[in-house]
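Shared between the two complexes below is chain A, which has chain B as its partner in the first and chain C in the second.
Right after this comes the complex of A and B.
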């Protein structure tokens, strides 16, 4: 694929992002931007999972777990009060480095919490570490075993956040402070910061997409597609399949954790439903609808379906819609919904051309 | 630990263990004829419990359970005929996702029919405080009913697969699909039948366990993952080993309460699952050579 063909759609997307914001501001309907911001963060999880499922061919039914690790750690570390342990060596060192925040509660008690940047890096670091440690044995598995193992991982994370007092049990964590990225730029749910946050989320998504587009067109991307085709054959031509799969798994986990952390700051809280199996299945569903090995398709479907779901268009049938969509796509169009549309519109089949 | 308390835990473990074994056998029956792991297996138990609770309002208990089992078997057959029967040579990933989709749809349908409330069948004999004394400890007769029913099912299934012609035909499909077809066995019908059988035993287990474990629209997923753990522990496709593995997991889980908070009970089973998958993916009782020949 030529460089121009790779980057032109990105420029088009950027123009669309700006256009939507201008239109929303002009028609005084910026409330749509809130859902588009959230959809962009979810999309970050989805394009990461798309790399893993579509290109490396490995299913993960536990990605909500990585999202939750990112979100919950960010939330807990920035909103809990660490005054009680402020005398420990670790906390004093962090304090001296300016990584702690001192503030006062409503009643005048002094509060001590971590800087969001520090919490962010800890959260992503933990998610990457867990993905690495989990990935080594898990990615040796195939098919049903891999699906069940990742599902099991997701359920363990769900159980932990539901049972641990540190993570707020069934209530989750609320009143998570804004994330001051740099002076004048913060991830927060304030109404005044709506436009700003819309651009932060979409800039991140575009950046993530750019990274992945470059990755799949690199030596690594070709290796992944070889693995997807046949692992034995890929191994035979000298690809270190275990390493390639592991890196992909870790990258997709990192994407999920980043999205989890930032969306939690944006929403000002996180609850256990973010870690539920249904969320993981939803991510898989969207990747499947988008056409598995199709980053653009996964992204488009991620934005559309998440936006509709967040606007409450599916009512109490939210989960049923995602389950039904998943089932229908897998039954009738395993290549994704875009493959259906193209066939119908173009009538005649075109000869296959290499990408 | 006191001896009677020990027995209490042991019986709780056996009760859950044998239920897990039934779920695992349900997995095995379908896996053997199709090579598919049916992720909607746990939903059959939920349906069995929920339908019999609803039917109890219009008919006596034994009839309600029998009807619930029959209805669930029809549901199982319909699932196979609508979603699976006509797909030629599907990839494993596709089948995994399809059965997950089916399980979500069943669960959501149950949510809209029965709501979120926790329901339960009445105790078959006496009430929740009725107890029989066994080895010096007090056990609810319902526990014995669950253990008895499940044991009879296991016995019935092994006789069925070994001595009836239908059971033998199903085993032939498991051993070699093409050879079975050449012998004049209608493989597709056998697959439909395996879904019915698997739905039926699941529904019966779901109904008899309902007074103890309660029924709710979403308790299928937990049961499915436990059942899968047991199926793997025993080596996929091996039903007698699944009983041993089920009892093993149930008893470990029951005793885990003595050292871990209840909330982590599920995590224990899943941690065991992950460990087994990493160390011996072919199961404690399965052979690695047989596992290598199977398509996952």
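Right after this comes the complex of A and C.
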């Protein structure tokens, strides 16, 4: 049941995505596509966090940390020069397997770095591993305590990228090469590749959304919602709550890391602000505005708010706006912004149920 | 089926369960009664693995289960309901019962995300079985209604259907008649007998004496954490110590 109801909105979204591109190209305003591409990557973080917060009921104030792990590792491994260690067995093996990239710097020096695909898998792998190791102890905590523990993790990652020379300290990492996904298809910020990148990002977001929609309507999705409702009841019917929470945390971290890695290749660089706690708060705020247990709401709000923010509509008050949004939502619409008017409109038409 | 041997539970200095031993025979209905604070629910939580025992043994189907997490015990074939009903908010009655099929199905996170053919076939079976149980309990018409918005008696039925959906061999019912009127209680009594007739062993905690006396094969009486009697209902009704516990001291009664 409901398969059509699940997939039809996705088809609608796909049509909208294509429509926006055609309209932008026709009116010569493809510059909008750049922000929509970035917003799509941020949205990938947001729907992953929505699964964790809205459905499994576990908060994370450290998701910018996972985004940064994905982004920074991809950036460092594909743009640092590893010529100095090229003689080691590991590097020679990688080279023979075609996983290294020989190129030249602006000044003609030869550079040796990792293939973006290899860097990508290392980055995601590390993020998943860290989520796993962090999740085991941390997910035993609940509510405020879990929020504080994940906040602590976020701060650690932020301070590490800010302090480590390997990660470019306060400057971050720039001149990150394009990510050649396959011949003729690359994640890069080239003006000529704008339309192509718009579609890469949105295809990935749609695919991610499809995976999560399937998940929440499955046996494991029900189990997650049960954990949210009552952990004791979930345990009593045989759900391994600790494991379900951990896997959800890991999946959600992986979504953030994938987004981080690809957005970094798209932007051609990454800076410490991507790892900052305010970014994590922003993700949480957007999930809350979207209505917590509402993937479509989180998605819609993620696109709208990120697009506005990236277009500079909030000016220097960017972070203040998101803080304010979180505050207002918690006060006036804890069920999300979409619940506000809908409730009034639907009140009279609601079918009589129950008693 | 279930065997308790010298089970103790301390909460700090409080001796909540004091050396309780009894066994529940397969295919029987056993009731656990006692005044408020006698330790009935604590004992239930020890059996279900929610609380760790301080000392003693609990065996289920010949296997020691103390120290097991609740979900492992559930997977072994023991299911329970709660005194204060615990249904999942935001899920329909049907979805709540489908939850009970968790341990009888296998689709993991990856299979679920990709929605493989095997996954949706399994999903269809889960839905089918859950619907059958709602019909069995006479609440099929509320399948698509949000469970927590149902009337109290119906919520109890949903919770029982969810417990049955796990295909338990032993069903623990924590005060299944609390908050119900006499008609609903009679309905619950019929239901529990029917569950026993399906071959499921039942252990229940209950305050409603008419229900307990009607349906139980055997009764264990607890007072201040200790077992003071274990017998058939007729014998329990005549047991002087049980009467003293429930009605007060004999001196007062005779005075």
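As a working rule, the second predicted complex is superposed on the first by the 347 of 355 C-alpha atoms of A that agree within 3 Å, B and C clash if a C-alpha of one lies under 4 Å from a C-alpha of the other, contacts with A are read in each partner's own complex, and residues count from 1 in each chain.
As a convention for this text, contacts are C-beta pairs under 8 Å (C-beta built on N, C-alpha and C of every residue); 3 or more make two chains touch, one makes a residue touch a chain.
From a predicted model like this one, the values you see are computed outputs, not experimental measurements.
Colleague: For A:221, decide between first (touching chain B), second (touching chain C), both and neither.
Modeller: Touch partner of A:221: chain C, not chain B.
Colleague: Which partner chains sit in contact with A:251 here, chain B, chain C, both or neither? Use first/second/both/neither.
Modeller: The second partner, chain C, only.
Colleague: Return first, second, both or neither, reflecting whether A:278 touches chain B, chain C, both chains, or no partner chain.
Modeller: In the superposition, A:278 contacts chain B only.
Colleague: Under the stated touch criterion, which partner chain does A:212 make contact with: chain B (first), chain C (second), both, or neither?
Modeller: second
Colleague: Please indicate which partner A:293 is in contact with in the superposed arrangement: first for chain B, second for chain C, both, or neither.
Modeller: Only chain C; A:293 stays clear of chain B.
Colleague: Once the shared chain is lined up, is A:235 touching chain B (first), chain C (second), both, or neither of them?
Modeller: The answer is second: A:235 touches chain C but not chain B.
Colleague: Kindly classify A:159 by the partners it touches after superposition: chain B alone (first), chain C alone (second), both, or neither?
Modeller: Only chain B is touched by A:159; chain C is not.
Colleague: For chain A, which residues belong to both interfaces, chain B and chain C?
Modeller: Looking at chain A, the two contact sets are disjoint.
Colleague: Flag every residue of chain A that touches chain B in the complex, lowest number first.
Modeller: 57, 59, 61, 137-138, 140-145, 147-149, 151-153, 155-156, 159-160, 162-163, 277-278, 281, 284-285, 288, 316-317, 319-320, 322-324, 326-327, 330-331, 334
Colleague: Mind pulling up the chain C residues that touch chain A in the complex?
Modeller: Residues 48, 50, 69-71, 74-75, 79-80, 82, 86-91, 95, 98-103, 105, 107-109, 112-115, 119-120, 122-123, 126-127, 142, 145-146, 149-151, 162-163, 165-166 of chain C touch chain A in their complex.
Colleague: Where on chain B is chain A touching in the complex?
Modeller: 37, 39, 83, 87, 91-94, 96-98, 100-105, 107-109, 112, 221, 225, 228, 232, 261, 263-264, 266-267, 270-271, 273-274, 277-278, 281, 295-296
Colleague: Under the definition above, what is the set of chain A residues touching chain C in their complex?
Modeller: Touching chain C: residues 1, 3, 211-212, 214-215, 218-223, 225-226, 228-230, 232-241, 247-248, 251, 293, 353-355 of chain A.
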